[in-house]
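After this come two complexes, each holding chain A, first together with chain B and then together with chain C.
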Partner chain A sequence: MAHGIRDKVAILGMGCSRFGERWDAGPDDLMVEAFKEALADAGLERDRIEAAWLGVFYQEQSTSKSGLPLSMALRLPNVPVTRVENLCATGTEALRGAAYAVAAGACDVALAMGVEKLKDTGFAGLPERTKGTFEDLWQPGFTPPGAFAQLGAAYAAKHGLPMDELKRAMAHVSWKSHENAALNPKAHLRNRITVEQALNAPMVAYPLGTYDCCGVSDGAACAIVTTPEIARSLGKRDLVTIKALQLAPSNGVEMGHASWDGAHTPTTRIAAAKAYAEAGVQDPRAELSLIEVHDCFSITELVLMEDLGLSEPGRAAFDVRDGRYDRDGAIPCQVDGGLKCFGHPVGASGLRMVYEVYTQLLGRAGARQLSSPTLGLTHNLGGIPNRNVASISILGLHAA
Partner chain B sequence: MPTPTSIPVVDGLFDVQDGAPALVGAKCTACGTHYFPRRARCSNPACNGAEAAPVRLGPRGVLYSWSVQAYRPPPLFGMDPWAPYAIGLVDLPEGVRVMAMLTGAPPEAFQIGSPMQLRLEPLRVDADGREVLTWKFAPVAEHVA
Partner chain C sequence: MSGRGLSTWGAYLPRARLERTAIAQALGWMSQGRSRTRGTRSYCNWDEDALTMAVEAARDCFGARARRVDAVTLASTTLPFADRSNAGLVAGALTLDDRCRTADAAGSLRAGTSALRAALEGEGLALVVASDARAAKPASPQEQAYGHGACALLVGPADAAEYLGGESRTADFVDHYREAGVDFDYALEERWIRDEGYAKLVPPVVKAALARAGVEPAGVAQFVFPAAHSHGRKLAQTLGMPESAAAEPLADGCGDTGTAHPLLMLAQALERARPGDVLVVVGFGQGVDALVFRAAPGIESARPARGVSGALAAGRADGAYVRYLSHSGLLALDFGMRAERDSRTAQSVAWRKRLDVTGFVGGRCTACGTVQFPRSRACVNPDCRAFDTQEAHGLAEVRGRVKTFTEDWLAYSPSPPHVYGNVELDGGGNVFIEFTDVGAGELGVGTPVRFAWRMKDVDRVRGFRRYFWKATLART
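After this line comes the complex of A and B, so read on.
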């Protein structure tokens, strides 16, 4: 493997809008809200931005196509804007574009923006019609909850775990995210729940009940990136650098071949191995201070703890219930509330995760601040368990 | 003019006061930037204000550019019956430039720089027999070629 981009790119500033049902704001308002925060954080003039990447998933509902919505909303000085889309990994894809441009030396300062405006559809889940013409023919009747629910059934069967035991661990996952979001003023769902509430919630797709599912939100998040040298020259003392950015899409084996057990996500394991190598992480359990993973459903988060090498195979349910991934646990997960409670504006989610890691590393997380974090990981799983795009970023404090 | 037998093509784009139609936009209460159509708040990145209050725009303007639409646009455009029509850019005194259908003169008769006046005209008749009104700009009477 090539050297990768470890420590070649620093985050100069970040911003994140409040997530939620943003009837007061259109997609351009959300982008401006996130951008103003990032620009103030970076301490730059807007015209220093030399190129930008825009991540939007549901262009039909959110922004329309192309890089124009970003260029126009921010009144950028006619610099290149590339629009990217890679399912729920879209925000991280925008960051990958901007980071690669800086790492390559193509520009000194680049912007990555993710945005989504979904609540205007009037539907609590994801809008239906972005599947293309043929997907209905070979995945008839599929919905995200229905697809991810099968991870739960397969995981319980593979590890001989009674479903009520697994359900209790899944309820703990969601309870923990609600606890964390209660401390996050930008989060969509800030109410506390009990484990019993989660266990007794109406069923959405067995074994997933209401509280096992994240909703969707309106929101935007962005990052301004540069080289560590330029960041230093601009007076930044505490620097967060990108240690790794990796992406692994499915190649069709999971959905077309019985070799996949249906109880894990192979793409996450591949992306994680590459990301740990790129970042020089030898022992993720010991080295990671916090993680933000793709908890579209509680079972997804639980299974990911094994895919990321943080729990032994078959042990995630026990580790979750032991509190290992709680805010005061060994590896806090979703300190900001996660997709579950911070919210899920699809194109913004990857950058929202990076925003939380960045905020925590710089000690700016207020009531939910962790004690001296040094290294964080973000993970997206775009798509469904048998057909997805896994992306991982690792960010850390940069040694002076 | 909207009447019980007419409805606007989109709510909130225009209104009628004392018989006079105007476009309804918004103005930032901090930096003064005007927007059309109306929006809830200012999105000028250089402005720290957030609020944008509704404001009536025009109703007069100046024709900046124009053309004639010679083929029928695809749905959802709902003009019925359809005939070639002029379309143009009109500069309003508030500094906003809007694109609009043009009326009040033969399609080829418009003159750049001429004063224009807002008008409401039916685009089609809906299933309930109501006229669906849209907004257009017409040359101010004394300037028609």
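After this line comes the complex of A and C, so read on.
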């Protein structure tokens, strides 16, 4: 592998809108809300931005296509804006564009913006869309919970885990995220729940009940990135740099090859191995201070603990219930509430995760601040287990 | 075995069976005492129609035989397409050779027996399938009497039964009718049909057929007449046949399956026949067909895997009358906004991918042997990935096991929960696919499945339905 971008890109400023059912706001409002915070954080004039990347997934129903929605909402000075989309990894993909531009020396300051306005569909859950003219002829008409629920039965069968045991671990995952989000003023779902409530919730898609599913939220998050040198020259002392940024899309194995067991996400393993190598992480279990993973559904988070190499195969359910990923556990996971409770505006989620790691590393997380974190990981799983895009970023404090 | 006749047969009845007591309970307030309360009637799942049932019957009929036929005729009064070859679609799902002649036969409940007679008196190997899914107005006598089903007969060497001869008469006797574009039959008084129709029109034709076959009425072992058993018994008596010859009309098991019914009853008769037995089948509908057969010495070995007995046994009876109404399109339930999804078919894609989609033909990599669906330019095996190495590999008759699944209560399905998942194919390969005819709690990881050709989506805006294969429990 090439050298990668470790420590070549620093985060100058970040912003994140309040997530939730933002009946009061359209995509422009959400982007401006996030951008104003980032701009103030960066201490920069808007016109210093030389290029921007806009991540939005359901562009048909919110922003419309192209890079124009960002350029126009922020009244950017006619700089290039590239609109990107890679399913639920869209936000991280936007960051990748901006970070690579800076790392390549093509520009000094770049903006990555992720936004999603979901709550204008008129119904709960995510909108449905065509999967492609041929795919529509044969692929099941699935929903995200149904597609991810597949992991549940397969994981239980593979590891000989009774479903009620697995359900209890999944309930712990959701309980933990609700606990964390209660401390986060920007989170969508800030109520506390009990494990029993999660277990007794109505079934959405077996074995996932209501509390196993993340919020469908509106929101935006953004990052202004530059080189560490420029950041220093602008007076930044505590600096968060990107240690790794990796992406691994499926190539069809999960959809059509018998080697996949249906109980894990191979792309996450591939992206994780590359990201750890790029970041120089030898022992993720010991080195990571916090993680923000793609907990679109409780079972996803649980399975990911193994795919990221943080739990031994077959042990995630036990580690989860032992509190290993609680905010006071060995590797706090979703200290901001995660997709589950911070919410999941698809195009913004990757950047929201980065925002939390950035906020924690700089010690600005207020009531939910962890003690002296130094290295954080974010992970998205776009699509569905059968065909997906895994993206991982690793962020850390940069030695002065 | 010399002679022309029936080589084998196949049957299909939808898994769903409605208990007639449920109809009586729902409608007792308006039809006290008039309801038949015995037995069950079969009805199509939301994704079944005359075509999907025809394909299932034909698959049962072919069994492991090579599907080498010269002609396919599909008889039905409920063909889903008025202008698009329905038989052609069935032939496609069966992946028959495209040189095979295809024809739809319709217009009367006699269409099945007429098509059968034409095939028997023609040449070559012919598949005759009759399939019907007649709608019935709620609370009508037809609602209790009708059932949905299909029967397929392979005409050629008389492995199952030799054809001894047949006779037909045409008569515009309107016992019931359905104007084009109208949903329901309009049926006339049963006593008039019995006295002026059955009693006067049928006997002369049966007599002529028997004479042509050189068989005495007393020598008839089974007499198939697709109407209430009392009518069959009365006719048998009139004709000088043993009264016991009148075949049981499947009223308790599935009900009257329209064009399929004389053939289904014949298939049941074949399943009960001993070598040498003479069987007479009558088709009635604006005239009469009468066909005479003699069971072949090897009839036992000509039996299909499922047959009528298997199809009857595969039913799942319940009293879900509202579900029956909904699946039959007789009650508009609110399925929510997700049901508004547009299911427009890109016909150019459907044509380009017709083997994949209609025939469930995947690919097998000639470099590494990996079976895959859909067939693609590059092999899916991560250790191979070779370009342009895949040969056509049929998957419809391959079985598999459930690898992952869910019961999705959020997704739109006319029959919630929407069940789908990954199936690992016997012999390798993985397909992400919908399941059908499975209820909540019926699947587990490792459950054996087979595939069935079903409606995938209905495009109500453009009046189109598209079909694909679904996994279902492997029973037979």
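Everything below uses one rule, namely that the second predicted complex is superposed on the first by the 399 of 400 C-alpha atoms of A that agree within 3 Å, B and C clash if a C-alpha of one lies under 4 Å from a C-alpha of the other, contacts with A are read in each partner's own complex, and residues count from 1 in each chain.
Note that a contact is a pair of C-beta atoms (placed from the backbone, for glycine too) under 8 Å apart; a residue touches a chain by one contact, two chains touch by 3 or more.
Note that the structure is predicted; figures quoted are calculated from it, not measured.
Enquirer: Where does A:Val32 make contact in the superposed view: on chain B (first), on chain C (second), on both, or on neither?
Expert: First partner only, chain B.
Enquirer: Is A:Met203 in contact with chain B, with chain C, with both, or with neither (first, second, both, neither)?
Expert: second
Enquirer: Could you tell me if A:Asn386 is touching chain B, chain C, both of them or neither one (first, second, both, neither)?
Expert: After superposing on A, A:Asn386 lies in contact with chain C but is clear of chain B.
Enquirer: Answer with first, second, both or neither: which of chain B and chain C does A:Gly141 touch in the superposed model?
Expert: Only chain C is touched by A:Gly141; chain B is not.
Enquirer: Per the contact definition in the header, classify A:Phe123: touching chain B only (first), chain C only (second), both, or neither.
Expert: Touch partner of A:Phe123: chain C, not chain B.
Enquirer: Examine A:Leu151 and indicate which partner it touches, taking first as chain B and second as chain C; both and neither are also allowed.
Expert: Second partner only.
Enquirer: Touching A:Val253 in the superposition: chain B (first), chain C (second), both, neither?
Expert: second
Enquirer: Would you mind checking which one, chain B or chain C, touches more residues on chain A?
Expert: Higher number of touched chain A residues: C.
Enquirer: Look at A:Asp24 in the shared chain and tell me whether it touches chain B only, chain C only, both, or neither; answer first, second, both or neither.
Expert: A:Asp24 sits against chain B, while chain C stays out of touch.
Enquirer: Please give the residue numbers of chain C that touch chain A in the complex, ascending.
Expert: Touch residues, chain C against chain A: 336-338, 341, 343, 345-346, 349-350, 353, 356-357, 370, 372-374, 376, 380-382, 403-413, 417-418, 420-422, 424-425, 428-434, 440, 444-446, 456-457, 466, 468.
Enquirer: Would you tell me which residues of chain B are touching chain A in their complex?
Expert: Contacts found on chain B: 39-41, 43-46, 48.
Enquirer: Write out the stretch or stretches of chain A touching chain B in their complex.
Expert: 23-26, 28-29, 32, 35-36, 46, 73-75
Enquirer: For a test of understanding, state which residues of chain A touch chain C in their complex under the given definition.
Expert: Within the complex, chain A contacts chain C at residues 121-123, 125, 128, 133-134, 136-143, 145-147, 149-154, 156-157, 202-208, 251-253, 255-263, 385-386.
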